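Per-chain numbering from 1; labels A, B, C and D assigned in written order.
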């Protein structure tokens, strides 16, 4: 059994605590650390059989029993803790994004070169049943050569302005998953991006220099064109769709719902709304991504989302922001890394 | 061009007048007859280019220019007019049912034997795009040997009690189409029927000795089981579905709608209701059935729904009524013809 | 934490072992018993943290630490072990059917009257997300008065003849779930049943006196009509659908699939097949039904599926068999209990 | 009855000949003109009851009996014939595009100012049942303020290179309908466009300076963002979808098919492909647009698609081509008109 320490016991830290406990066969969480350690957290940890609860994550890094850490702390600490964990010889599962600061990512990469630990980035949607079905169809050639990729990602509700302010902007906070999906589904890389955006949901978002609605066009290295549309607020729920279209056909995935029920009345024929948000929609993917991480540790194999893969969506997000600001297509090669 | 006279200018007579004019390439309606000939009817006829309007259908039968008649008068007159038309040497397209009186049907069959005219019964649903798709899949073997047939037919609104009284009962008036569909889709015949029924929509319907809701089980000559469910009132519209299930799979058809539009709001994900009633739903099938009738005349070929095919659903309906009355399965062979 | 002993470590016993461990918050499995206790079973138990593994289930009944037992042994032992467990003061969760022998069920009922333990029957489909959605819609009045219920249940593959021989017949083995569903969804009881059936999938099934294809019509106490269609073999997978139709509309549920993926190619527009069989399709419902059982123990509340509810589908199955044998509708009141 | 002369008896001329004859109540086609008048055409015309067939369209313009002309000749002749027809006092229905030459369009507009005739442009998709459903939902406020518009339009098969050469480019030939749709569905105008495109279907298309695959982003005057994706070849058929997303929800339309049939077999669950191409898909819209044209003549009302509306998609197409060539967003105001 691989012993895992979770650093950061906020929402995503808890998701992983439960995901590992109930869904990862070859791993167990033995410790958590959170600077704001409250009774509520220790109770939650005890309920899952997690033995140690710390305020300081260094307790985890210093524990020789622990094989791997999952970094679920605030984004601005991801890189530094990653470096410390690598130095401590722990395998690292780092939540996305690795950092909003490209230099910090470089430092992590440098540190990794000197080490033998596994490093995986938390792009969980790659492990989702729907997107896996698209990926599988593409890989076995069902759509032929890829011509077009369409991704729709709309949140059910815009976040509070305070969150928006420190989010790094919609592209780094939200679209980053879609940038990753464009790379994952195409098996290729983005070379150029053009972003159109506006604050249509909430003008206050414009007030803090961000947008809530966007259409982003990408040119891929394999010649395909890709397009993402985003909104911070789809009142009907979390809208998560994708299509890959090619020379032999198209594979498309729609939304999941709580049931297949269809109600037919004098008012119309009505089905369920999409599952509300990412915890409902992507829950299974969280334990699947960690299962692949712990399998990679166990078998000394490659992790499915390495630091290079984790870097790409950040570069695209930075280029997309530049495109939005300058209203012109921006090449990824323009972003200095 | 085949010259057609339409006898009866009620709802279905008008449907055929327009269907032939706009949808049948090798035929033209040259006369109509209706005992209650009103100005509204003659205007409608003129608009379609129909030259002669009579009160007495015998004017049509006596017109040597007319090749074929379509009998769209009230059900109780179908058989007698059919016999007169056959004697006059006219090809006959007779609306369903041929008669509610089995002896009358026998008389028509006898008359037909002495003649060379074509005789087609108006089971239009056989020419519907959805049911044709089922039939085609069955015929080319896509479902293998047939095991189960399911037919759902629900009207959007119960008819007035006065109509119910003279309708011959729900089985002869409404389910007759579904009995025909069971035969058509299976390519087999019904051997035994069990009917359960009740007046759940409107108790007044029970008051006049009829039902408005039914489940009818049939055993087919080819070994398959078939089941029909009926209601006189589906508040969401005209519900017309069918499935054929067999050793290699299933083919199923659902309802048609006015558009493919899906509205997603905070209240749900809502599509269009089924097309309201048979005029909206089956319009195309009316001109298609007549096209096949006129083609059969032109090529001296067999009509697609002959008098034998038109008789079967009536026998099943009579057996179903007996089953309902006696609460036991009834063999078709019990019905004396 | 409620301590549970599982009696019988076959397929369904294991399903419950895992369901309780990973999905029931207030319970833990502390012992299992199986007369054919093999290493494979003890390893599986150890992996789940189950401490005691016995050959003799009496070890479980005699353990004062254990609060409740789950009877997952062969059907012919359900009733006797139930009685012993009730006498030992254990709460009982009994897999369906309680017994194929009505007298045995009576004995369990008598024993229960003298006791205070909870007794729940394993009709897991009541806890399925799709059927729950139908039930909820019916209960809040979305379909109005119920007129028609349609249930389709088709297995992906016919069982081996040896299994069929000892199954008690298709109605007791397979349709029993659908009989329960008719009661559950309608909130009413069946008063009369008519069954048509045949061995169309495999003639050997007829050779052992059973059928593999059926259409069963039921009259409900509330006036509604219900119909079930069954097949032992749908080559496209496990087909599990239901509709409730009433004065205000219809609620219908279809099949679940592995993903929402739709592949469009020159060959057609193709989606996923239904989830293969009951383990894939109904997995969640197994832990949900046990959660409600342990909640009822914890709160001393009524169990959601009591022995009366567990009896009804057996009575209907017996009546359906009689109907099939005698080819006539059979009243439930004809079945002596 | 409004008397119509059709100029040009190619594919679209015939579509309109039949559309008017069978689907427009207050109009009749009395003459056609085609410079390559062949027997096949005169036979077709006779079959529809069209009395006069000319080589020279001036015969139509000079006929005082004719109220309106439909210009269905080659694109390069649309503007000049329009001007002649306006001068002859005929109402004009002009197929799209009015011209590929903006100066020519200006001339037609000038001529129209001096006249009282109606002038309608053939953007038939506005009259399609699916797009009408979207438009209606938007107009009654069901989606609230518009944030995003997504249009997918993919042809089933790339045209021959010879056609591509003289087509004016994909934007003017194919995307023009989608540009019109963005304006129509939003009730707004495009202010800026960014086009990404490539020849992925057929490299020969690049050889003649055109593309076959594109993603086009538009900024609308009302603040919304719109995106079109195009392909010249979807092997699964004619893919015609649209979505309008806003503050209160989303309305989306999918493809139409020949039937609702779903085949479930061991290979999957397969539905029909989209209707093959525009003649199958949009047939009804052609007679509807002419009905509104003839109604506008009869009632002296405004036509639904006037020359201003017909001009917009051409301006957008020209801007899109400039954007593609210069790889930058282009404002519509940059296009000199």
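Some points to look at:
Criterion: a contact is a pair of C-beta atoms (placed from the backbone, for glycine too) under 8 Å apart; a residue touches a chain by one contact, two chains touch by 3 or more.
Because the structure is predicted, anything quoted here is derived from the model rather than measured.
Shared contact partners of chain C and chain D, listed by label, are A, B. Using mean Cα coordinates as chain centres, the one most removed from chain C is D. Comparing chain pairs A-B and A-D, the larger number of C-beta contacts belongs to A-D. Per-chain CA centroids place chain A at a distance of 42 Å from chain D. Distance from the chain B centre to the chain D centre is 40 Å, each centre being the mean of its Cα atoms. With centres set at the average Cα position, the gap from chain A to chain B is 58 Å. Across the assembly, chain B contributes residues 234-236, 239, 248-250, 264-266, 272 that each touch 2 or more other chains. Remark: chain C residues 234-237, 239, 264-274 touch chain D in the complex.
By the touch criterion stated above, chain B contacts chain C in their complex at residues 145, 147-148, 150, 152, 154, 194, 196-198, 200-201, 213-215, 217, 219, 223-227, 229, 231, 233-236, 239, 245, 247-250, 327-329. Note for the complex: chain B touches chain D at residues 22, 129-130, 132-134, 137, 142-143, 248-256, 258-266, 272.
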